[in-house]
Structures are given as C-alpha cells and as structure tokens.
Amino acid sequence: MIISKKRLAHIVFESNDKASKTFDLALLVLIFASVIVAILDSVLELHLKYGEVFFILELAFTFLFTLEYILRVWLTSRTLKYVTSFYGIVDLLAILPVYLSFFIANTQLLSVIRALRLLRVIRILKLGRYLSEADFLRESLKASAAKIQIFLFSVLMIVLIMGTLMFVIEGPESGFTSIPVGMYWAIVTLTTVGFGDITPITPVGQLLASLIMLMGYAIIAVPTGIVSSEMARRRKTEDFHDHKSCTFCGFDRLDPNDNYCRKCGEKAG
Amino acid sequence: MIISKKRLAHIVFESNDKASKTFDLALLVLIFASVIVAILDSVLELHLKYGEVFFILELAFTFLFTLEYILRVWLTSRTLKYVTSFYGIVDLLAILPVYLSFFIANTQLLSVIRALRLLRVIRILKLGRYLSEADFLRESLKASAAKIQIFLFSVLMIVLIMGTLMFVIEGPESGFTSIPVGMYWAIVTLTTVGFGDITPITPVGQLLASLIMLMGYAIIAVPTGIVSSEMARRRKTEDFHDHKSCTFCGFDRLDPNDNYCRKCGEKAG
Amino acid sequence: MIISKKRLAHIVFESNDKASKTFDLALLVLIFASVIVAILDSVLELHLKYGEVFFILELAFTFLFTLEYILRVWLTSRTLKYVTSFYGIVDLLAILPVYLSFFIANTQLLSVIRALRLLRVIRILKLGRYLSEADFLRESLKASAAKIQIFLFSVLMIVLIMGTLMFVIEGPESGFTSIPVGMYWAIVTLTTVGFGDITPITPVGQLLASLIMLMGYAIIAVPTGIVSSEMARRRKTEDFHDHKSCTFCGFDRLDPNDNYCRKCGEKAG
Amino acid sequence: MIISKKRLAHIVFESNDKASKTFDLALLVLIFASVIVAILDSVLELHLKYGEVFFILELAFTFLFTLEYILRVWLTSRTLKYVTSFYGIVDLLAILPVYLSFFIANTQLLSVIRALRLLRVIRILKLGRYLSEADFLRESLKASAAKIQIFLFSVLMIVLIMGTLMFVIEGPESGFTSIPVGMYWAIVTLTTVGFGDITPITPVGQLLASLIMLMGYAIIAVPTGIVSSEMARRRKTEDFHDHKSCTFCGFDRLDPNDNYCRKCGEKAG
C-alpha cells in the first residue's frame, strides 16, 4: 500500500475524513496512555513493583512519538515554522525525557516534562465538537480580562497590606515568620482555601483574620459578576443574531420560526 | 374488601388520587425510616446498645419492601421492562442487604447498598409539587453541560500540571509523595476546600500554591457565569411565554405589543 | 412634665417623630451594650478581672429592659397579642436570664439567651432606611425558595451517599467512625469549607474526595445562578415600573424624565 | 539645561506628555523596588545575610522619596492642601520609617509603614489605561453598597448567634474558649475558609456546624447575585448609550427605534 506524501500530510495535519480522524484518535489514546504511565510511575510502591514495565512502555511511547515528530517535520511544507511553533515545541518536549535521561540524573524534572505531554491533547481537542463552546468561554474571559486584571491587582494590594499587618501582629510564634509567609497566608485566607497550616492565635490577629475572610466573601462576587454579566451579554447578542427580518416592512426581530410578521402581518420570508 | 388488580396497580404506580397518594406517603416514610436506622446503626455506641433492635427493624423493613417488590412485579403489565429498569434495580437493591447478609460477611458493603435505598425517594418526589422547579434546574444544567465539560477538562489539565510541579518542587518530605497525591492536593486547593492535610513548606511551593489559589478564585466564576446566564435566558423565555394569545388560532406566545399573530397572520386582539 | 398614655404609646411603638426616634436609638444603644457585655463576660480572663462590673451592668440592663417590657405590656391595647407575638417573646427572653440565674446554675445556657437579645435589634432596624433594600433581598430569596429547597435536598442526597461510601472506604482508622461522621465530612468538603480534621488517606478515598470537591465546585454555581437570575429579573421589573405612559398615544415605556413621547412626538404629561 | 518651575510642576503632577510619563514610570519602579526590599528584609535568613545591603538601599530610596516630597511641596501652588491631602500623607509616610528608626526601636511597626508605600502606586495607576474599567467596578460596588451592608449585618447576626451556641455546646475542651472565639470560628466556617484550628467534636456541634456550612453555601449566592445583577444592569445601560443622537438638539440617548426625540420632540433622524 503506497500513500502519496500529500495524502499522508493530510492524514497527519487535518482531521476532516476517516483516515485523519483515526490517526488523531490513535494519537489521543497514545498521549493519555503515556501520561497515565508517568503518573503511575511516580507512586513509589508501583515504581518498585512495575518500574521496569513502565520504563519499557516509556521507551515504546517515546519511539512512537519520535516517529510522529520526524513524520511531521518531514511532511510539513514550512519546517522551520513548525519546529519553532508552540505545538512544535510541545511535540519535541514530549520525546525529550527519555533521551535526556541518559544525561540528566534528576528524574523528577523529567516527570514534569512528561506531564507536559498532556498539552498535546489540546491540538487534537481543538478540532473536536466542542470548538464553539470553548470559543464562547475563551471570548467571555478575554472580554473580561481588563476587569479581572484590575481585580487581581486590588487583591494583591490587600494581600500585601494584610500579610504585613498579620506578620507584625502575630509574629513568628504563630508561624507568621516573614512578610512573604504573611502574604501566603493572606492569599490562603482571602481565597477561602484556609489550609490551617498557619492560623492567628492572638485576639487582634483573629479579629483582623475575620475582617479578611468577610472581605474575601464579598470580593468573590466580583469576578463572578464580571464573567456572568459578560456571558449574559454575549448570549443575548447570540440570541439576537438568530433573528430574521420581515421582507415587507423590514421589522428585524422576528423569531426564525415565525410564520407571519408580527408588525405588518405579511407572510414572513 | 376486595380490590381489583387494575385498581391496585393504579394505587401502586400512579399518584393522582387519595389512595395512591397515601400509598406513596407510607412508602416515603418507610424509606426514610429504613435509611435513618441504617445511619444510626453505623454509630458504634448505638450499634452496641441497640444493635438488636436495629436488626429487627431492618428485617421488618426488608419484609415490607419485599412485599412491595413482589406486588410491583405482579401488577406491572411489562414485568421484564420493570425488573431491568433503573427503578426496578433500585427497588431490588433495597431488599437485597438482609438476604445477602446470610452469605456476605462484609457488613460495610451492605450498609452502602442500604444507603442506596434513598434513591427510591426520587421516584416519589418526581411526582410531587416541585416537578417544574426541578425541571428548571435540570434543564439549565443540561443546556450548560457542554460548557461545563470543557471547563472540567481545563480544570483537570491545570490539576495534572500543577500536581506534577508540586510533586517535583515539594517532594515527599512535605507529603507530596506522588503525582496522584499532588493532583489530589491541587484539586483540594483549586476548589478552595483546603483541608490542610498536605501543605507546601518551601517558598517556591508556597508561591506556586498562591498562584493556584488565585487561579481557583478566578476560575470559580466560570461555572457560576455559565449557569447564571443560562438561567437568566431560560427565565426570560418563561416570562415571554405568559404573554397574550391570538384570538383566531390560539397561538399563545405573542408579545403584548405584537400587532399581528405571527403564526396565522390575523390581527391580534 | 406629664405625658398622656396615648402619647407614650406612640413614642414606644412608632418611630415617625423626634421623640419616638430618640427612644428607638436609646434602646438600640442599650441592646448593643448588653450584648457586648455578654460577649466580653464569656472571655475567661475578662470574667476573672471584671466579672463583678459585668454583673452590675447586667443587672442595670435587666432593670431597664424590665421597665421597658412592663411599659409595653401596659401601653399596648391588645396585651395578649403582644405577649404571645414573636417580638413579645423576644422582649421577655431578654430580661429572663438574670431572674433565672437565681434558680438555674447553668451560666452557659443563660449566655445563649442573652445573645438572643440581639434579635431585638431587628424590630428597630425594621423601621430604618434600609427597609426597601432588605425587602429586595428577602423577596429575591423567597421567590427562589422552592428552587433552593430542591437544591438542598439534592445536596443532602449526595451527602448521604458520599458519606456512606467514605465510611466504607476509609473506615474508623482515618476518622470516618460512622455514617453521620462521614456525612459531616461530606458537607465540610462539598461546601468547600475543608476543616481538615478528618481527611481521606487511602488512594480510593482521595479519588472519591476529589470527585466530591469537583462536584461541589460545579454545584456552587446553582444557588448563585438561582439568586442572580431572580435578582436580575426583579431589578428589570423595577426598572419597568419606573416608566410613564404618553397621554396621547398611550405608549407606556417612556422614561420618567422624557419631555416628549418618542413614539408620537407629543409633549409627555 | 534649565527647566522653568512651571514645567517641572507639570512633569511631577501631570502625566500627559513624554517627560511626565517617564517621571511617573521611574517613580513606579522606585516604589515597587522599595516595597520588594521591605518584603525581602522581613525574611530572617535574607535579613541576616543581606541586612546591610537592604539598609543601604532603604536609605537610598528614602533619600529619593524625600527629594520627591520636597519637590512636590515646593512645586504645588496650594502647599497646605497637598500636605494634608490623602496622597500628601501617604507620600510623607513613605519617607518617615528611616527617620523614625532613629527614635523607635520597634522595627516591625516600621515595616508596616513601609508596606503602606504601595498605596502610592494608586496615584500613578489612577492615570493609566484602566481608568474606565476600574470605574465600572467601583460604581458597581458603590451601587450595591446598601444591599451589601444589610447582607453583612445579617451575616454578623448569624455569626453572633452561632458563635454563642457553639461556645455553649462545645465548650473550652474543643477550643471554643469564649463567645468571641466562637464567633471567629463561625466566620471561618460561614465564609467556607475552614482553617481547622478549631473544630467541633460533639455530635450536636457537628450537626450545628453542618447547618452553618449549608447556610454559608446558600448565603454566598447573595453578594454574588447582588453584584452580578448590578453589573448586568450597568452594562445594559452602557450598551444603551451608544445608540443614536437627535439631529436637532443633539440629545444622545435615543433608542434606535425611537420615532421622535424624547427631549425636544422633533422627528428623530
């Protein structure tokens, strides 16, 4: 069976027919399998028991990903652009760990790079059925970006001032050993995470902490409000664009399934 | 007092007259009572003190539920369909624990199955006064499902990458013993639960943790925004629906300021 | 200075002139003062140091509240109705602690009753400037009540099933000593409070906990969405009711500050 | 190079040409640098290692800020107004720490004052590109202020009553040593922070805690709903504003489908 280079390129880079979709699916399974192996390998008991199996699987995945990478470099018409693109770098990072492991002893650093493989999933999902939904979320967040930036800046100001105050009030005895630790605690508290690894013990500290918590409670409404109102506006615009116009009087707010214009009574086109 | 099989079937399966509503209510009380007994029986002190009373009650409940199950199987016109339906299986699970307890020694597994009895409540509530309200919530969530799926997928990507990074940065000394544990910690943190059983102790780890928390703070706005805007849209449509009807064709979704019916084209009253 | 009984009743029960407002304000200050004394008295160090001062203040407050209670009973035209009303009972509870302390030794129970005094604040605030705003919040919550009830019922179902599962999976070694404790933990987790007093230690338990947390993350959007969309609708209706109608053509969506009807161009009344 | 006093005043106080923008940027960098030095100096290890470097940098920053302060006092036309204004006081506080350190031994108090320097950033950011976005947030919060105040008052009532109840139920053995501590715990729980430093251990306490958590879960919807609906309304008004202007009187808030100007009554173009 001989496939032309052009056909192969289509299979590898596109995803609009059966062959290319199968290729994408196989790749998706491979990526998930390799990430799961990396996760399992990090568990000490499993590593001691199945470490060698994982290593062989890792070699196999790397071999296949290397093959795929070479294929992509060979098939693409603009090699340099692909190699330096975001996806090109992610694809390269996905195969490096094993090769690097011959030079680098730090296996933990390697496992980070291996986890980055999951980023490859984006490429494939990008072409999936959720495209427009993801766009909706992305656009909503983008439109709210400036407001969210100001919000985060205000939060950081509160965190700095509260972190410093708590450091001064509570001191090292309660675990507030420095301003950065105080700021870490302020973030933990303001975001309502509340680990409890550091907690105020003096009455003044607890009073200030209560203030920060109530503040965080009110503040959480802000990003939610920003995103909600942006989404509501966006959705309304979408609904609006679904409307059709009357061909007689031009009234432009007809439902797509209206039979007659509700302004002039003529049959709607 | 002799009741026809048809009348009995009506009482058991429907809930639109006094007899069938009484049957439903009695069943509801029975289900809640059996679940409460199961809960109380799990408390060691109560089990030691009242264990035998609970066992007798459990036998009584099982007898009644068995009777009800046999009744339903006998009364239904399509036995196989009922037995293999969701409610059929739930009804069967509700009576199995005691019978299984003669074969299985694992009493804890049995208590799970006993807790599943509460699922039976759904069937009865389904017919209650909250129907349309529950529909509203269900429809809103359904319509938002695709968006929420993408959202959860993005969250899992962040969790995987952050969990791996924290595992590498903090290491087993701080409790981050493996990538799965790191991912568990990342979920605990991103969702602002913050148990505090595992917490970062290195400055870099605390910095990264702060980032994750602020991220979680911003991210929580997304599902809220999705559901809020969906509900607002749905509610607007509902408001729209109570408007005037066409006096000719009876089409009931006209705007109060529509001049002509948009279905039949007649002048709207 | 002699004041008629009728005038006195006006001062005590109404709040629409200077004298009655002064009476309300004095009462407000008294209530807050008595609650603050009760709070401070609960702190052991302060009790040991100023216990006697607090007791004398408590006697003084009780004397004044008793006076006020007798006044209200005497002044009201419908004594029985007042005594058995919500406010009548709250007023009585506010003076009982000291009298009861001669019979009851349990000082902690008394401090609860003393805290209930704060409920009296509601009566006075009720008449304040925030009336319509509080109404807005109360009405929004009331209108959402049915939806929130279903929501809470669903949450309790999840809590029961998850609590039972965690009790079975984790067992007493991790602190999950019974189903009620498991349910307590499930509520702590689902609401993203996350005390960390009980945490899963088995991998399966941590996986299930992760699921619960992500669920809680998605679920929190529901009450927010319910209340947000209800408030948005209510606000829109309010905006709408501000509109005035044209006296010529009857067009009913004019802004109150429109000079001319924007439909027919006539001077708007 | 000689610059007139007037020109210098323009550079220092305005930010609408290249020279004044450069001045602002330099000041911004200086402020951030000084705050970062203060933060790093609070870390014991860094203080022991680089304490002297930090001290010299601190002197340099103080020298520059003093120079700037003198410049501002000299350049402003209304000296007294500037000195007593919010920014004048913040500017003065920014240079005091070093001078005070010759008299005051409490270095922690000084580090708080040094952290206040960040407040100076507001002045510069105020003039930045985010102005209108920040306005949007500020206005939304302001318009919601009355509702949020009532909300916070309700929360404090719940906190007082629940704190007292938990103090009575759990008592000092579980860490609930006084009503203020109980209130601190109630805030920690209601805001879903959940440190876990104090947790209920009795069944009744855990039941009440569960109620508080579910309450907090429902309550968090309220501020979110307030802010969301306010933002949605505000945004709609904004959308409304870009609509058409009257060609006669120039009134710029006409709906696109207004036939006549509602201000002057002329036919709208």
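Letters A, B, C and D name the chains as they come in the text, with residue numbers starting at 1 for each one.
To be clear about the criterion, a residue touches a chain if its C-beta (ideal position, glycine included) is under 8 Å from a C-beta of that chain, and two chains touch if they have at least 3 such contacts.
Quantities reported herein were computed from a predicted structural model and do not represent experimental measurements.
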Worksheet, complete the sentence: Farthest chain from chain C by C-alpha centroid distance is chain A
Discussion item. I need the pair from B-D, A-C or A-B whose contacts repeat those of B-C. Over half of the residue-number contact pairs should coincide.
Written reply: A-B
Discussion item. Same residues or different residues where chain A meets chain D? The copies count as same if more than half of the interface numbers are shared.
Written reply: different
Worksheet item: In whole angstrom, what separates the CA-based centres of chain B and chain D?
Response: 41
Worksheet item: If you average the Cα atoms of chain C and of chain D to get two centres, how far apart are those centres in Å?
Response: 28
Worksheet item: At which residue positions does chain A touch at least two other chains?
Response: 180, 183, 192-196, 220, 224, 226, 228, 230, 232
Worksheet entry | Interfacial residue positions of chain B with respect to chain D in the complex | 192-196, 224, 228, 232
Worksheet item: Tell me, which parts of chain C touch chain D in their complex?
Response: 35, 38-39, 42-44, 108-109, 111-112, 115-116, 118-119, 121, 125, 130, 133-134, 136-137, 140-141, 148, 152, 155, 180-181, 183-184, 187-188, 190-197, 220, 223-224, 226-228, 230-232, 235-236, 239, 254-255, 258-268
Worksheet item: What residues of chain A sit close enough to touch chain D in their complex?
Response: 146-147, 149-151, 153, 157, 160-161, 164-165, 167-168, 171-172, 177-180, 183, 189, 192-196, 199, 203, 206-207, 209-210, 213-214, 216-218, 220-222, 224-226, 228-230, 232-233
